[in-house]
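Following are the structures in question.
Here come two complexes built around chain A, the first alongside chain B, the second alongside chain C.
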Partner chain A sequence: MTLFAQQFVNGIALGSVYALVALGLTLVYGVLKVPNFAHGALYMAGAYVVYVMLTAVGGSYALAIAVAVVVIAVMGAAMEFVVFRRLEGKSSVHAMIAALGVLFFLEGTADVIWGPDFRPVPTPLDGVVTAFGINITEQRILVIVAAIVAMAGLYFLLKRTLVGMSIEAMAQDREGALLVGIDTRRVALITFAISGALAAIAGALIAPLVLVFPTMGAVIILKAFVIVILGGMGSVPGAILGGYLLALAETMAGTYVAFAFSELIAFALLVLVLVFRPTGLFQKGV
Partner chain B sequence: MRRIRRRSGSAGRLVLLASVVFLAGACGGEGGAGEDGLEVVPIGFAGPLSGGAAYYGRNVLRGLQMASDEIAESGGFMVDGRAHRFEIVTADDRYLPYETSTAARRLLQQNQPAVILVPHAGGIRALQEINLREPKFLLLAYSSEPSILEAQNPLMVMLPPRFDGYQEPFIDVLMPRFGNRLALLGTTTAYGRAWTESVTAEWTSRGGTVGRDHGVDYNTTTDFTGAVSRALADNPDVLFIGGPSQPTALVIRAAREQGFGGGFLIMDQAKFMEMLDIVSMEALEGAVGVYPQSLYPTEGTPGWVARYHERFGQDFQVPTSEVAINYQGLHLVARAMELAGTTTDPEAIRARIGEAARTMPDELRIFDMGGVTDAGHLTRAVFAAHVLNGEFIAVPIPVPASTQLR
Partner chain C sequence: MGSAHVRRAVALGVPLVLAILFPLLVNNPYLVSVAVSAYVTAIAVYGLNVMLGYTGQLSLAHAGFYGIGGYTVGILTSDYGFSFWLALPIALAFTSLLGHLIGLAALRTRHDYFAIFTLAVGVMIVIVIERWESLTGGTDGLIGIPAPGSIGPLSFTSLNSQYYLALAFLVFTIYVVWSLMHSLVGRTFLAVRNSEELARAVGIDAGRTHQLSFVISAALAALGGGLYAAFSGSIGPDVGDVPMTFNMLVYLMIGGVASLPGPLVGTILIMGLMQALQAFQEYTLMILGPILILVVVFFPGGLAGQGKVLFERLTRREADQ
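So, the complex of A and B:
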């Protein structure tokens, strides 16, 4: 039982990061119908910003996260402005290939700047909390709490602000949104910025727990795609629940079957969902 | 307008063609003398330079480059009364065995090297069929996988110690100190699996118990806590871990965070000095792994470490065995070429590698090498390190009895 509880906590911490990455991905897909593979690179870049802030620049971890959010939001917006805006009206294959191109470009850039080495990020919160026989590091508690705060913030933004409502409107019907006077280009730009900010938060939160390296985004982006398909393309609650679900499935399968299988779980789930419920587990709707 | 355009187009092509011809001329250093008046001998490297294993590949390459630069700076090596230096030519195989043969063929076509180094077992096996056909080449094998020796390839030299020599002495240290329950948490690459099997067999043959395999792929796992929690639930005395150094250190950190107080049996892929970037010496207490290269108890090591830092800078990570073994390997080749009196005949070069190993000058001798076995293994004294009271204690590793020197 202790093992189950321990693994549940481990799964929730991992799921928080999965959910944050998947959220940004689903948001962009919902609004622009772009399968943004380059999203993984934004996550990677967010982790590198924190690495640079904590090792070279100095300052607190909170400041590092804030800087990462701003820098990567700008990067996300720039990506929309430079690449995806120009592909408007072309088939989604163009956008997909462009997204892959951007992913490789950013990975290559990180490789040139920092090299292929695994970089450890100093852990600002390195204490361990033990309760009911369960061990959890302070950093993981922060990951879980911060992810919930970020998700609540996103919910507030989408439901209670004009910008958020325009994003939702555009996701529901792009032409309709244009007709009622929404500046779709501006909304697209903002969506990419928000998506970048979410990726940055995920990267910034996980950086002290893992190692930072140029291809770290490629590993998680495939999982994020599985989550987005699992939850329904473009669905925000689907991405959140899907993120936790996948992480828990991986951890539990690892615990009770074998950890060698845990990497397989994501893709087995993907196949099952595509066969039995191709629209995803949750109703679509941002 | 159209005609002018077309003309300028063909003029453009002409310029392009001219520059290609010029470049080809500039690159074709094959056999000719370089700017420094030394004859240039190409040495091939077919290994990972991009993708997940790029870090590893570049470490190997750094060892080769360091030896090659040293040789050139000291005036080259003498063959046939003329001074020679090496030029490392590379082809990326992204760690994929089927790409290794393509990479090697490309090197053979473009640069005709008599020696090609490959840093992984899959790629080495792929080339064992090719290196005996024309054009023949000497295959420098950087892999501690003993199965590469089974082919008895007459044109191969395996540079590192075989990994199956490690398990026995590692267990000799750990079992008496911590107890006889082992949990398996190694990486799930082909090499990791071979290690897991080997450790399991050796541990059970000593009457120890081994839990289920909780191994994960160290290169793709984002978070190790789940796997560590599961492995620790079996209450092990010793954890078998290992993959690349940095993820291995994360596993150690996770285990200590979850209250594990036992020992670590660490696969040879992970290096203590690299792990110390992430975990403290305190967390490593009770770990057994390969001896840190930069502290290796041989005469040539301190000088080599100093030269390494001179070349790559003080803060540029500690030199690992990946750098050291390949550095030593290239010096061996230079010496064997001198002894054989040829830079192009792989058979003659291979025949003198053993002699080159035994007669290596002290300042270039990082390892106490014995010679080369019939199957092509370079033998030498090997040490493991046991972390005891915050110190690395050297544990000598016996050379397998079946080893026949030539």
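So, the complex of A and C:
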């Protein structure tokens, strides 16, 4: 029972990161209608910003996270402004190929700057909290809490602000949004910035728990795709729920079945969902 | 009418004669070996073009099929003593079968979902290659793959003979794709790409068309991969990895997607440039990424598309006069 509780908490921490990455992906899918293959690179870039802040620049971990959020949000917006804006109205294949171009540009740039080595990030919160017989590192508690705060912030933004409502309107019907006077280009720009900020938070939170390297986004982006397909492309609650569920499934399979098996769960789920229900489990009737 | 035939004969004949004379003209083993790997890669890029150019679906598992073709030839010839000439058709058949089975699942989706699904397939193929160490040599790969055996008096141990073998397979590939696209089947490909609903409405089985295109595309990838393994004598998991698909996509897009010369032009040009600029190798991805974006945004037809536009402009001016 203790083992289960322990792994449950670990799964929730991992799920927080998955959910944050998947949220950014699903938001951009909503407005662009194209899977952003470069999204994992934003997550990677966020982790590198924290690495640079904590090893070279100095300052607190909170400052490092804030800088990462701002830098990657600008990067996300630049991606929309420089690349995807120019592909409006062209076939989705073009936008997908352009996204791959962005992905390899960002990975290649990180590789040129920092090399392919795996780099450890100093752990700012190295304490361990023990409660009910389970040990949780402070960093994992921060991951769980910060993710919930970020999601609450996103929810507030989407439901209570004009910008957020414009994003939802555009995701539902681009032309309709244009007709009622929404500046769709501005909304697309903001959506990419938010998506970048979410990826940066995920990368910044995970950085002290893992090693940072140029292709670190490759695995998580695939999982984020699985989550987003599972939850329905463009669905915000689907991305959150899917993120926690996939992480819990992986953690439990790794604990009770075999570690190698946990890696295959995402792929197995993807195959099953696409074969039996390609529109996702929670797809709204849009 | 006559001049069109002459023009076509020149367009086909001149590059072919140049290609045949190339090893004699350059007399440089290094350049010949670069040409061999470009031809072999181009064969696989033709496969990518069948799927992306002619039926309009982006398969990100393409290098996976290239790797499977290469590993099948490598394992059969080096571990089981098969002749290359038996191993290559087996590799093609095996990869086509695998492509067919994967296609059954993947082609339940289209466009963005298809790209994501095949990306996952591509990653899974590499994971299997890396983990199945007893068969594939894991991350170290396979070494000591024998060169293609002789056919009668023709032996393929020298570099130049391998060059001509690669050229022969390349010409064969281009001929196959050309005849495909000039057949009724090829026209159904284009019809399905342009509008699946419309194609269905005139009685085309869109599902089967996509399936056929996917299998042909996988088979051409396997042909390129099998030749790669036999010519280079070794193969590793990165040959079948997703960045390799990305490279092929760059060659195709720069050369010109959905055109017959595009895959060859792009592959030779970019692989040649990458060899010439080896000092900048670490910057490859950093440079190719933006180039790919520029091509997609400004020249979606690639070099072949631009060439065609230029050609049409010139001939129109001729006609006006």
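Basically, the second predicted complex is superposed on the first by the 283 of 286 C-alpha atoms of A that agree within 3 Å, B and C clash if a C-alpha of one lies under 4 Å from a C-alpha of the other, contacts with A are read in each partner's own complex, and residues count from 1 in each chain.
Quick note on the criterion: contacts are C-beta pairs under 8 Å (C-beta built on N, C-alpha and C of every residue); 3 or more make two chains touch, one makes a residue touch a chain.
Since the structure is predicted, the reported quantities are computational estimates derived from the model, not experimental observations.
Following the overlay on chain A, a clash is recorded for the pair chain B and chain C. Residue contacts after overlaying the shared chain place A:Val271 against chain C, while chain B stays out of touching range. Legend: residue contacts after superposition of the two complexes on their common chain; A:Val210 is shown touching chain B, with no touch to chain C. When the two structures are aligned on the shared chain, A:Phe156 is found in touch with neither chain B nor chain C. Looking at the shared chain after the overlay, A:Ile97 reaches chain C, while chain B stays out of its contact range. After overlaying the two complexes on the shared chain, residue contacts for A:Asp111 are found with chain B and with chain C alike. Under the contact criterion defined above, the residues of chain A that touch both chain B in one complex and chain C in the other are 111, 260, 263. Against chain A, the residues of chain B that register as touching in their complex are 50-52, 54-55, 58, 188, 212-217, 220-223, 225-227, 229-230, 233, 244-247, 249-250, 257-259, 277-278, 317.
Within the complex formed with chain C, the chain A residues making contact are 33-35, 37, 83, 86-87, 90-94, 96-98, 100-109, 111-112, 218, 222, 225-226, 229, 233, 260, 263, 267, 270-271, 274-275, 278. Chain A makes touch with chain B in their complex at residues 3, 6-7, 10-11, 13-14, 17, 111, 115-118, 120, 128, 130, 135, 137, 140, 206, 209-211, 213, 215, 219-220, 250-251, 254-255, 258-260, 262-263.
If you check the complex, the residues on chain C that touch chain A are 52, 56-58, 105-106, 108-109, 111-113, 115-117, 119-120, 123-124, 127, 131, 242-243, 246, 249, 253, 282-293, 296-297, 300.
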